[in-house]
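Please read through the structure below; I'll follow up with questions.
Just so it is clear, A, B, C and D label the chains in written order, and each chain counts residues from 1 on its own.
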Amino acid sequence: MTSLADFSDEVRVEVGLVREHVAALHEQLIKWGLVVWTAGNVSQRLHSADLLVIKPSGVRYEQLTPESMVVTDLEGHVVDGSAAPSSDVFSHAYIYRHMPEVFGVVHTHSTFATAFAAVGRSIPCVLTMMGDEFGGPVPVGPFALIGSDQIGRGVVETLAEHPGCPAVLMRNHGPFTVGADAEAAVKAAAMTEEVARTVWAAEQIGTPVPLSDEDVASLNDRYQHVYGQH
Amino acid sequence: MTSLADFSDEVRVEVGLVREHVAALHEQLIKWGLVVWTAGNVSQRLHSADLLVIKPSGVRYEQLTPESMVVTDLEGHVVDGSAAPSSDVFSHAYIYRHMPEVFGVVHTHSTFATAFAAVGRSIPCVLTMMGDEFGGPVPVGPFALIGSDQIGRGVVETLAEHPGCPAVLMRNHGPFTVGADAEAAVKAAAMTEEVARTVWAAEQIGTPVPLSDEDVASLNDRYQHVYGQH
Amino acid sequence: MTSLADFSDEVRVEVGLVREHVAALHEQLIKWGLVVWTAGNVSQRLHSADLLVIKPSGVRYEQLTPESMVVTDLEGHVVDGSAAPSSDVFSHAYIYRHMPEVFGVVHTHSTFATAFAAVGRSIPCVLTMMGDEFGGPVPVGPFALIGSDQIGRGVVETLAEHPGCPAVLMRNHGPFTVGADAEAAVKAAAMTEEVARTVWAAEQIGTPVPLSDEDVASLNDRYQHVYGQH
Amino acid sequence: MTSLADFSDEVRVEVGLVREHVAALHEQLIKWGLVVWTAGNVSQRLHSADLLVIKPSGVRYEQLTPESMVVTDLEGHVVDGSAAPSSDVFSHAYIYRHMPEVFGVVHTHSTFATAFAAVGRSIPCVLTMMGDEFGGPVPVGPFALIGSDQIGRGVVETLAEHPGCPAVLMRNHGPFTVGADAEAAVKAAAMTEEVARTVWAAEQIGTPVPLSDEDVASLNDRYQHVYGQH
């Protein structure tokens, strides 16, 4: 079995930093109400080696430490860590192998995003916030069982049809999000739930008005290139 | 009257540990939004003697200490503690007497689970998370008055018809959950509310798609045997 | 003008204790999500004199201190305190004058209770928790403008028709609750919102089943006489 | 380029105080659940110079410090600060230029207010709290793209038609609120979301009863002139 001892100092340093970062980002899942108990996970791919750092399986968030984070290769095989990785690790690994620009993946069962997933509906693009972050509707992905890389395949195939969109609602399951790092994927998870909740609420009191494709393109372009600190 | 002095040192040590653990678990009821004011309770059965540790009646969560937890026998009679036990103690005791594999029981009035209970509906199994944790729908139990062991009987009879399911929604009342220890029962209570809220939300925007029995069986088997740390 | 100097030491001591208690109870309004910004208030009547202690008007909860609480007589005239009292003070005072068993009053605009008030509906008694705490439905009171004792009159007249019930939903306005002390009234406010939210949610997924009058009477009797620490 | 060095000591002192105040007020957006991730912003106009202080663009709330707040002139051009200002700065600046009584502006995407915005509906005035704070319905403003002062124009034009109302729901986008200082605008943002949520909830269980124009005028007059500390 490969171990961290087989890697360079540079890799071991990055592993240490990413463990801290990924452990801390799980607090954001709690802060924004995206998870209950242990039902969500964050991973980040390394830049210095074909490795990823992911949450251990079934551990309560209060008990997560940088040391408890598990390091695996991009097939999901454990390279370092005393705990078993999240049972979604094969899907995270699949996504990293097939989406080379992605260095962060998040999975939650956040309530309103999962409600859309349960009825097999995408979230229609009726908010400027959705044009900004998603560049269109948040799409639905196929049903897939947990434990293999099937879910990862469904995520990759669905996102391939929605270039630039960082989120997919896996049917009867919940959202997966991706990003240039784990923080971006956590942000996308928070925004997915927020737009799901808002559109859900809007549908109870009227008919949400869709944005035009032109406006969505304009919003998304500005958000990706002007918004934030450059 | 029996007192803790009639028990061995081993039992007194376990009582001390379980008091701390059960007191601390009440914080999880607050953390996950499962209770308001004093309206929920956690108990755990001992392994070293036929005793259980339960919340005192009508005490605010901020004021719960390990010492304030009440020890009773499996008939609900107080063995140690200066306060009266939760008025649900006879139902907790009934469950322990009739479900020997159960060492933790939780009762809440969490909002969405109780909403299903108020309309007398089980929660349909439309989420992978439900296949994982419940192995099917979350069933409804009978209406029963508080203060005797009637509620316990209703819980036991309902769960007997749903082997492997740790939760039941008592009509017009709220959820009871069981587990191999109090923490597992608290987790089941948190998951019950989360799936109730998600399915409730899904029903407002479409028709949730049920999982096939085969998929539910596969999810439940994996979750019970592979998920988590072994 | 009367001042605290006109009262005995005993009264001044009680004022000090009640100020601390009432200030602290406002944190419970926040904790249970019953208020936004400054939109809620708690008062408690003294036992040693015909005085009450109430929140100052329009002050943010973070800035509330025991010293900032205002003491008035039972007509709502300020006896001690550098700030203006809550503009609901005349209604609190009216309630104390006309309900001698009441020593605590709370007013909030909590979301779901106020939703029932906005449509002029009482909350039907479909939960054991409602039998326990309210002994029946939570009734609707009349519409009344703020700033005089009109609201207090509406509260007293409505509760007179619902003996034992500690809550009333003032039309287009929000809930008022009463109790044997301010803590009991805060508890009633928390329970009012919780049952409003639960019944509201139940109505979205089916038809809540009412409890029989006999069961409600049995629940209420047990809750008032057996529940809690005696 | 103008810099703070071009201004008097008095201005530099006010800038320091307003930076602290505006940074701290962003915590209130989190506290009252008005924003997710970075999706909201607060600004305050100075009294000693034609400058405003606003949140930097795309920075997480945990990382906001007084120093990170950006100072711009009333055209939105940066005068001090190492970060880029919120991309809404041109709209904030437009509002200050055209509403001289306004010294605070807040923008959020709070869930229920944004749901009304998504369906293009104003919030009907059915709560005494709305008479108090808004003096009538909360109006809907036009759709406008982000990044120019178009949104500011829409806010100013809509509020001109609703004198005394501090909030407008920009179509498909979210609420903007104004006030005599940033705190008043934050309060208006919190109240906008609360009344949106309450009216939304009321509409699910019946038909909210509108207040009469006379009652609204009476409530608003009292609230603006009697309520609070004077």
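Just so it is clear, a contact is a pair of C-beta atoms (placed from the backbone, for glycine too) under 8 Å apart; a residue touches a chain by one contact, two chains touch by 3 or more.
These numbers come from a predicted model, not from an experiment.
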item	value
Type of chain A:chain B copy interface by residue overlap (half), same or different	different
Chain B on chain C, rotation in degrees - Cα superposition, rounded to nearest 5	90
Averaged-CA centre spacing for the pair chain D and chain A, given as whole angstrom	32
Centre distance in Å when chain A and chain C are each reduced to the mean of their C-alpha atoms	45
Residues of chain A engaged with two or more neighbouring chains	204
Pairwise touch network: line, ring, star, complete, or other	ring
Set of all touching chain pairs, with the criterion as stated earlier	A-B, A-D, B-C, C-D
Footprint of chain B on chain A - complex, ascending	36-37, 39, 56-59, 83-84, 87, 109, 111-112, 114-116, 118-121, 143, 145-147, 171-174, 200, 203-204
Chain C partner contacts - residues on chain D that touch it in the complex	32, 126-129, 132, 187, 190-191, 193-194, 197-199, 201-202, 204-209, 211, 215, 218-219, 222, 226-230
